[in-house]
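Naming follows writing order (A, B, C, D and E), and every chain is counted from residue 1.
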């Protein structure tokens, strides 16, 4: 039997998974798994269409975990529920259709967490104390501005241009995102507060204006390049960038990962990542389930995370710690620093990540906050528009 | 030249009689052909002449099927072909504007038509070589049209029609860009071709010599209408009207207006001319125009009836001379003298028309005046 | 017609003497003009004749500046113009291919050149109307070229050159698509234009009548080289060589080969011909060619010296007749008879050349044999 | 104005350079700089490592730090030139760097570690193309297969496009028939709507024809390009009807007129369309991405674009791929462009 | 050469075509020539557009038409709900109207520059210059680049530390963050679009220029027409059919501009370079939420606008070429 696995990668994930899958093929005669390595765009834009049309692959690595939930193959009948619950716990919710669903749908192969990178060398040169773990966003803004001034660095801070990235800080400032009954609200006082602050920082130059200001729509834009070139003191991004920092910065300067800054409500980042799921349309549900289960086995999972330099979502693997292959000390330290933040993630962030229409909310917040930053709309207008947009999106998706 | 089998499904090959019945053509509002009736017999060599813009090319294009007929009927071999597409009428045409295929070499231009008839390769090559040799373009076979001189292009255009040996040929001024010598040769070639194939040919020309020497019958057109149809000498000797009289023959006939006075003619310049009796039916007092060809106006010693004129210009052609003069009354007349004349500009001459060669026309209608009113009858070959 | 001021910065207007010095032209490897030397004086009407493809148009295009000169020099008014762009040479040209502007109406085609010279609007309109009337295309002024007949197009092409009244006119077969009558008129118009403007004109034609009647001097070209230059009658009466003798005059001169025998001529067919003494320098035993024009070959009653021939074909032009015959020895000869001949095919004739009108050529070199060897001298106007 | 207007007509080569020729060459030089400069930049960049690509400000040539293999050190050590301090002017190898100080050794004396300020040294670098960008491309996947897939799709699609479009253009340019206006309007109307807007319905239609996941699913839907029809038709309008008439008199069937007369005479426009079509098909990404999901059917573009991840794109590989995929089309262009230049100078008429 | 390869094939086709020609007559044969194109066209271009109608009048985020619910003209109503069409802020779908405004400006500027520059370039390349083939290739090269690469290249040039700023500083001027300013961003979008596609239009125009008979130019030279007049009165009118192609295609391309600008500015800053297609794409296809209905409605409005534009353009050119 032939299994089609549609995979994208930010680094070498597909190759890493491929090695493990070869072992699976060796163990299971007659099964051949073909990995169709695709651009991420295909996963984001085409896979949903293919699934809707019934022409999708057997399994895939996806990021819109909740959005595609209606197509997932329930692995529960084929796997050891206890093992899965124990290993992945709440993350399994991210794949579920709703609160009442207790199916097991996907293997979270790539857990990510957002958080800041800082240019330690610049702090040292400016002789400014690195703020502690309880420091607020304001403290960080203050400190990094000082560093930037002292070292004539162009930018103090930057946050990736992404709705997902600002969710953590917003939650820290008290954004609830969902109402009491679980319906999404997105805009509330906390969210507005952070949005206002963020817009101000962009205007006064604390935040590198190029990141949010020079792009539009729902484009993703990172600031890794500025950070790598030592032009940025504080860079709020996520764990997936560790590898790149490691290889591109080299020994140009020292960099570190620190905990997410705090707001009045929390000190949280956003979890995220990608997972491997099977689809209901498959002709070979048992094999797909078996394969995913195989990948979820502890040593295989550990292998996968170690090779692809990811944070483990598997409880036991995380507990044991991962020895990353081929990573420098600095990188390994950074990854572990990220891993250490997983427990501090706010439940709202967790729920947000698991909500099936979260992409719509990310995009809406992204587009509207951007407009406020470039001055097309005031912050209030932007927030009002964001509310409208959300209403339209929800109406369309049948809620 | 070997004949390629024409494939004309609708129309049988043998009968290539061409009939036009009240054919009319309008471009938008402008009517350029106004009811032409004409029959060209199988094997006949028919020449169309007429002033520039009178509709010769248009008529030819209608016969070929490239131009729609606005009204009327065209028949080939008895069948109405109004709706038969050009490609299936089985004609060949030499375009006035050549219309060579610019992207093909001369050889390809010539062989294209044969290929369309599925003539075997070898035979095509042979035929093309033969025709090219006849037209003296054999050393140009691999050139493109743009690298040819005007006359060479024209010969390619002729060759393209000739290779196919169709049942009807249409030629639109095919020799206009050739030199005299070559023209004589080509004339000969076309005549020989005609003799050999026995095809019907329709030929447009402005050249009097071509018209007179090649035609079985000449059709004189004017402004979209047929003025006269007849054998060459018939048109020359008995033109049906002023227009034909002036058009056929070069230099053109001299016209002098006058009135009939007691069986004689008093010209407007006061001179009296005797006209042979019995040859014309004259009414006293009628306004008539006297036509005398330049070679029938003979310089004489001063006489009573002599026409007094002053030489205004002389054209020496070597073998002939044209003398242009004005009468005392200011009328322009021209004389044709054989050899090189020694008249000079300013000389006074007295002229007498050859009484056997006079033409008389009704000034009002332009009709020729003749005792025997049988005009326009298409005579046999002379 | 009012003259628009020509703007020719480099070259003064008045002197329009045209000189070609050893001008050569090659297309790739093919040499089509091989060292032409020629001077056309200010105000002269110079006609180029020659077989199709001999390089007339190419020469004209080189003078105009549209074609590069491969080697040699072209001077206008004394200045070398090899590198002066066509637009600045101040010439006008009628193209053999017409080259009308397809997107412009006839009126626009005619006025374009004047507009380029910044002629005032009113004056343009006037000039255009005038020229159009002269060319009889005044009712076509608002048509596009594609809606014109061939002859109408040609007249527009002439008009386009004429409106500008430049210092040198170049005409490339401008009348080839016109009917005889119109052609005579146009000839007259061009001559009058020439007389009025005093421009230099270079005129290519295939028409013997045009060449003979319009030219001050005729240049005979053959294969890219000048064969003879001279006044029309000079060429007709004393052709420098066999080629010119055959080319000038229509129908062409009859040639009979023979040998000099004791001051007389023994033709290859055995007949003896007397040649006037003193006129030719003859060497005994030399191979010579006798040239007699068709109108100097006179049918006679049988005589000793008469050339016996059988009529093979007759061309009746109305005013003249051409009789084609073959001698007993199989040589083709043609006669030109005034009027309509009553000879018939198959008739036997005896011919005697007019002894005053004989031409003799060295068979080997083609050179004319004359007592006075002054040939090729460009004579005054006759 | 004047200098603009001066280029506006063709001149004929006449040895001497007119000032308009100078202006033309100046314009062309500017064009080379503006048009070609970035392309060269791109090609050079494809030989840069990811780190070098990330570098601000960018440098034109690819540099790599010079390293030296010294006794007692397993890894090769990067070389630096010291600009200040006691070792000023010397070239040293860095063992490690801690904070603002850097521990270096002199290559002559590998045992003796010296500490210097990190600000006092500059790396020694030399030009070194990162050929590994290309090597990985060939290593990572079956290049030949994707190349073949792309070639097959491109050539077949172009052939079909040319044929089908030129037939339609011929009909619309050279025949009078009822409904012609409507067809032209339809063609132009549909020409307007970009494919990206109708992706979903197009996907549905293609699926209904069972052409998904096969090369034909990529080839057929785009074959009838309105652009091509429009382009060819306008060009064919300039071919004189008289030449077609001549061919009709030569007993050519309409089909023969089409392919022996009209097609060759439209060569410049056909060449434009061919170039265009080849380029479209070769570079097409969006539609194959949707229509093809099995990697064995992938085109080169798809395969190579799989370097694009969610958060990160491997620019080094992407650029190398761009250069690689650029080559064949560039060659095709070089071959076809001469047809554009050889217009029919005269129409073979009078 | 290619023709020679396929000629046997074409000869085979000739037989049935001859038969058809005989049966149908020439004017109906036109439809035979049109048929393959119309079939493909109808199925893969026209049908999807019709299906788009179905999407526009239905709701929910389902892709399968059968699963969608009918909502009437709701989507259109929403899109057209504006107090003033000139001020996007007063519209229910402000982004749509921003995109419309941007697109309108973009088209005007883009078509103008595109036609202007490609014409100029074609004219220069049509001269008898040395190394013509090379120069033609140079101008065409950007066309071969994929949109992503085009965007990347110009981002490099324009970024804060890019080559352009380096150049500006070298001559003593201040550097500018080009893409942070909406006007500059817009300008560079136009520039980039012209840069990337000009080569293609140049090629078309070049083909058009080559089709003008040479003897007409010669006649103009003899008529002492200066370069400017030759251009105005000969080249331009005879090039008009080709210019029409270029203008229509440039217009369409302008409206369809998406890929490279999306990769270049992402539509920013804010929405300064967001054009209609990006709006439609982002709304319906590119991400969440997937609003197929509104996207389809927007695309139909767009199509309507386009048809109107083309009709106007055709009309204007027809008039000017006749007059």
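The rule is simple: contacts are C-beta pairs under 8 Å (C-beta built on N, C-alpha and C of every residue); 3 or more make two chains touch, one makes a residue touch a chain.
No experiment lies behind these values; they were computed from the predicted model shown.
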| item | value |
| --- | --- |
| Intersection of the contact lists for chain C and chain D | B, E |
| Cα superposition of chain B on its sequence copy chain C - rotation in ° rounded to nearest 5 | 180 |
| Closest chain to the centre of mass proxy, which here is the mean CA position | E |
| By count of C-beta pairs in contact, the leading pair of chains | D-E |
| Chain A-chain C separation of Cα centroids, rounded to whole Å | 92 |
| Separation of chain B from chain D, taking each centre as the mean of its C-alpha atoms, in whole Å | 64 |
| Whole-Å gap separating chain A and chain D, where each centre is the average of the chain's CA atoms | 34 |
| Multi-partner residues of chain C (at least 2 other chains) | 85, 96-97, 150 |
| Overlap residues in chain E, where contacts from two or more other chains coincide | 26, 63, 213, 215, 285 |
| Where chain A touches two or more other chains at once, by residue number | 44-45, 49, 53 |
| Partner chain D, residues of chain E touching it in the complex | 3, 7, 10, 13-14, 17-18, 21, 26-31, 33-34, 36-41, 43-49, 51-52, 55, 63, 65, 120-121, 123-129, 132-133, 135-146, 148-149, 152-154, 156-157, 161-163, 166, 195, 199-200, 203-204, 206-211, 213-215, 217, 227-228, 230-231, 235, 241-242, 244-245, 248-249, 252, 255-256, 258, 277, 280-281, 284-285, 292, 295, 299, 302-303, 306-307, 310, 314 |
| Chain A - residues contacting chain D, complex | 4, 6, 8-11, 34-46, 49-50, 53, 55-57, 63, 121, 124-125, 220, 222, 224-226, 228-229, 231, 238, 240-241, 244, 247-248, 250-251, 254, 274 |
| Residues of chain E touching chain C in the complex | 213, 215-216, 218-226, 229, 233-234, 237-238, 321 |
| Chain C contact footprint on chain B (complex, rising order) | 27, 49-53, 55-58, 96-97, 147-152, 154-155, 172-173, 176-184, 206-209, 212-213, 232-233, 236-237, 246-252, 293-295, 315-320, 322, 336, 338-340, 382 |
| List of chain E residues in touch with chain A within their complex | 59-64, 89, 92, 94-95, 98, 159-160, 177, 179-180, 182, 185, 262, 265-274, 278, 282, 285-291, 293-294 |
